[in-house]
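Shared between the two complexes below is subunit A, which has subunit B as its partner in the first and subunit C in the second.
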Partner chain A sequence: MSAALSFEQAPPLSVPHRFFLTGPLFGVAAGVLVALRGDEVVLSRWSMATFAAVHLVTVGFMLQVMCGALMQFLPVAAGANVWRPRLVAGVVHPSLTLGAVALTAGFLGAGADAMRAAVVLLGAGLTAFVAVTGLGLARSPAIGPTLLLLRSAVAALAVTAGLGVALAAIFAWGAALPLVQLVHLHAAWGLGGWALLLVIAVALLVVPMFQLTPPYPVRFSRGLGLAVAGALAAWTVGVVLDVAALDVVATSFGVGALGAFAVKTLHLQSKRRRKVLDTTVFAWRVGLGCLLVAGAALVALRLPLPALARARLEYLLGVALVAGAFPAMMAGMLYKIVGFIEWLHLQRVMAVPPTMQKVLPDARARWQWRVFTGAVLLLVGGALWPPLARLGGLGFAAACVILELHLISATRLYLRLSAAAALETPATP
Partner chain B sequence: MSSISTLFTPHHHLCDEAFADAEAAGAEGRWADAAAATARFSSLMEVHLRAEEDTLFPAFEAATGMTQGPTQVMRMEHGHVRALIQRMERALTAKDADEFAGAAETMLVLMQQHNLKEERMLYPMCDQALGGDGDLFAKLSAQLAP
Partner chain C sequence: MTDLRLDARELLPPEPMQRVMAALPTLGPEDVLTLLLYREPFPLYAALEQRGFTWRTTLADDGTYTIEVRRR
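Showing the complex of A and B:
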C-alpha cells in the first residue's frame, strides 16, 4: 500500500485538454478524406486512402482522446499516479500529433521520409505513454477486474504500437516483413485489444456510476477479459503459424466478448435507477449498436463469399468500429469529462463555479450526437451504395467540427473565469 | 463478513437512490417531491460524511499515521459535496430547473468518483488497518443506522 497515494492527483487541466482539443481535428481530416476519396475506401481495406482514413481516426482522434482521458482517469479509477503528468503530456501530445500527421502523409504519398518520421515520433510518444501509465498501473493499490483490464489494455497498446512500427518499417525502409499477416495482427490488437479492452474497463466503472445501473457481475467482467485474451491469442497463433482453424476460435471468442458486453450493457442501462436521460446514454447506445453490427460482420466474413461482398463487409466492419462504436462512446464521455474537470478546477478558485451543464449543456451534446449518428448511418449505407460513404464522410467531419467548437467554447469559458478569479485574488506577499 | 467496505458501500447506494429520486422529480418540475427527496438525500449524506469524518478517518489516521494523505483529500471533497447540496437546495427554493439539473448532475459525478475512490481504495485500506476493531465497527454501524 503506497503511503504516497494522495487520492486527488487530478492533473493540471492543460494535460487532458490538449489531447481532447487535438483529437477531433483529426476526425475532421478523416471525414474530409472519406468525402473526397470514399470510393477507394469502400472498394478495399487495402487502399492507401483507407489506411490514411483509418489511422486519422485511430491514431489521430481515438489515441489522443484515450491518452488524455487515461491521464485524468487513472488516478481516480485505479489510484494509479501518473508520473509528472505535465511533462509526460508535453512529450506524448506533440509526438502523437506530429506522428499522426506524418503517418497520414506517408500513406497519402509523401514518401518514405514521412513514414520514418512517423516511426520515430509515434514510437517515442507511445513508449513514454506506455511506460508511465504501465508503471502507475503496476503500483496501483486498487481492487477489482477493472485494474486487470486496464493493465491488459495498455499492454495491448504496446503490442499494437510494436506491430505498427514493424509495418511502417516496410514502407519506410523496405523491410522484408510479411505485410498482410502484420496488418491482421496490428488491427486485431489495436481494435480488439487496446480499444475494446479500454472501453470495457471504463464501462465497468462509468456505466454503473453515472447511470446508476446495477454493477456488472464480477464473474461476467472476468469472463469478458478472458474471452478477449482468448480471441487475441487464438488469432495471433493462427496468423503466425497459418492455422486456419484458429480463425474460428478467435472469431467465436471475439464476437462472444463484444456481443456479450454490448447486450449486457444495454440490459443494465434498461435497469438504470437514474431516470434523467442525457445524451451520453444515447451515445453509448449508438456505440454498443455499432459493436453488434461489427460482431455480425465478423461472423459473416467467416462465410464463403464473393470478393465484392467480402470487401463490402470488411468496409462495414471498419465503419462500425472505427467510425461508429469507439468515436460514439468517446464523444459521449468527452462532454461529461470536460464539463466535470472544468468544474473541478474552477471550484478551487471561485465560490460558485459553473456546473457541468453550464460548461457544456446537454442540448449541445444532443446536437453533436444527431449529426454524428446521421453520419454513421450514411457511412454504413455506403456498404450498400458507395456514394453514401462520401456523404457520410462529410457528416463525420461536421460532427467532429461541432465537437471541436464545443470543446473550444468550454476551454475559453474556463480560461476567462480562471483569469477573472486570479485578478480578484489578492496577491500574496 | 462484517467490514468497513460492507458497511459503507450499501450506504452509498442508499444515498444514490435518494439522489435519483430528487433529480428525476426536479427534471419533471415536481418541486414538492424534489424538495422531500433532496432533504432525504442531504440527511443521508450528512450521516455518511459525519461517520467518516468523526469516527472512521480519525481511527484510520491513528492506526496508519497517514494524516495528510487520502483522508485529507476525502475531507476536502466532502466540503465540495456539501456546497453542491446547498446549491441544489437554493435552486429548489428558487424553482430554477436548469440550475437544479446542473447542480444535481455535477453532484452525481463528484459523488460517484468520490465513492469509487473510497470503495476501491480507502475502505479496503481501512479494512486492512482496522479490520479487527469490533468496537469501532459497532460504533460506525450505530452511526449509519437509519
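Showing the complex of A and C:
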C-alpha cells in the first residue's frame, strides 16, 4: 500500500457514489422538460413547467450531488465525522430521489397526493441529513473559515427545506400561506444560502488544492460568509415585514458577496502554479461567469422595467444560477472528486492504483464541458429568442447524459479493479 | 533537537501526506516537523494519532496553516 495512507475517516465509496450517479439523471429529465415546454419556462418563472424544471435541477440534480459530496467532504475538510454514513445514505438517498420524483409529478399535474408524498419524503430525508451533518459540524475541531461557511450552508438548507415544505403544503393541503413571499424566501435561502455558501466552502479547499492557486485570505472568506448571512437576513426581514428599503441592503450584500467570490476565484486561478489547464478550471470559469451574469441580472431587476423585459430577466437569472453556475461548478468538481475518491479507495487494495487521470481522463471532462457550455449559451439565448431555450434544454440533457455515462464508466472501472485486487489477495488463514 | 520544515503548499495531493509519512520515522523525541499547507489536513491528523504523534495547528491571515508535529 502506498505510503500507508490513512483514510479511515472517508465513508465507503458507495455512500457518495449513489448520490453522484443519481443526480445527472434528474438533469436529463430537466433538459427534456425544457426541450418540450421551453416556451412556458421562458414566459414566466411562475409556470408549473418552470417550477418542475427548476426543481428537477435543484432538488434532483444539485441536492443529490451536494449531499453526496458533503458526506465525503465533511471528514476531510472539517474533521466532522458523519454518524453511520452508510445508514444515513441508505435513508437520505431514496428519500431525496423519490421526493424529487413526487415533487416534479406534483408540479406537472399529478395532484395533491404527489405533493403530500413529496412533503413526507423530502421532509424526512432532509431532516435526517441536516441532523447528522449538523451534529458532525457542531463537534468539528476545525479552526479555519470553511467551518463557518459549512455550518451556515447546512443551516440555510434547513431553512430552505422548511420553507419548501410550507410551500408544498399550499399545493398539498391548500394551506392558507402567502405563496409569493414564501417563494421569494425559499429561492433566496436555497440558491443564495445553501448552494452559494456550500460552493464557497468547497472552493476554499479544492481551488488551492487541485489547481495550486494561492489561498483565499482568511478575512475575505469570513467576510463572504457574513455578507451572505447579512443579505439573507435583510431579504427575509424585508419580505416578511414588507420593507422595500431592505431589498437594497440585501441586493448590495448578496451581489457584493457573489461578485467578490467570483472575481477573487478567477484572480486566484490566474495565479495558479499548476500550468496544466485541465477542464475543471474551464468549468469553474463558466460557473463563475454565470454567477456574475446572475449578479448583473439581480441588479437590473431593481430597475423599473416593462413586464416582458422583467420576465426575460427573471428567466436569465434562473438560467444563470440553476442551469449555469451551480451545475457547471458541480460537474467540474465531480470529474475531480470522483477520480480522487476512487484513487483513495483503490490505493488501499492495490500496490499501483490508476491515477486520477486514468479513472476519469480530462479529455472526457472536456467533451462534457463543451456540450454543457453550448447548452448554457443556448439557454441564455432563449432570453432573446425563446425557441433557443428548447434547443438549450436538449443540450443540457445531452451534457447530463455524457456526465452520467462517464461516472458509470469510472464506477465500473473501480468495481473491476477492486474485484481483481480482492482475487489476488491471499486469503487470511 | 532538529527542526524539519516541509512546505507542501505547492504540492498536489497526495504528495504532502506521502512526504509527511516518509519523514515521521526520522523524527527524534525532541524534534519538530513543521508542515505548511493551504488546508487543515484532517486525514493526516488521524494518521498522526495512530502513530503516537501530537500536533499543534495555527492559521495565518493569508490562509496558510502551520502544523507542528512532535512525538507524544
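Worth pointing out:
Note that the second predicted complex is superposed on the first by the 421 of 429 C-alpha atoms of A that agree within 3 Å, B and C clash if a C-alpha of one lies under 4 Å from a C-alpha of the other, contacts with A are read in each partner's own complex, and residues count from 1 in each chain.
Heads up, the rule we're going with is that a contact is a pair of C-beta atoms (placed from the backbone, for glycine too) under 8 Å apart; a residue touches a chain by one contact, two chains touch by 3 or more.
Fair warning: this is a prediction, and the values are worked out from it, not measured in the lab.
Shared-chain residue A:Gly79: touches subunit B and subunit C both.
Using the contact criterion defined above for the overlaid structures, shared-chain residue A:Ile143 touches subunit B and also reaches subunit C.
Of the two partner chains placed by superposition, subunit B and subunit C are both touched by A:Phe340. Of the two partner chains, subunit C is the only one that A:Val218 touches; subunit B does not reach it.
By the touch criterion defined above, A:Tyr414 lies against neither subunit B nor subunit C after alignment on the C-alpha atoms of chain A. Shared contact residues of subunit A, touching subunit B in one structure and subunit C in the other: 3-8, 76-79, 142-144, 205, 209-210, 212, 273-274, 340. Those residues of subunit C whose C-beta lies close enough to touch subunit A in the complex are 10, 12-14, 17-18, 21-22, 38-40, 42-43, 45-47, 50, 57-65. By the touch criterion given at the top, residues 16-17, 20, 23-24, 27, 66, 69-70, 73-74, 76, 80, 83, 87, 98-99, 101-106, 108-110, 112-113, 115-117, 120-122, 124-125, 128 of subunit B touch subunit A in their complex. Those residues of subunit A that touch subunit C in the shared complex are 2-10, 75-79, 142-144, 146, 205, 208-210, 212, 214-219, 221, 273-274, 340. Interface residues of subunit A facing subunit B in the complex, by the touch rule stated above, are 1, 3-8, 76-79, 141-144, 205, 209-210, 212, 273-276, 278, 336, 339-340, 343-344, 347, 352, 354-358.
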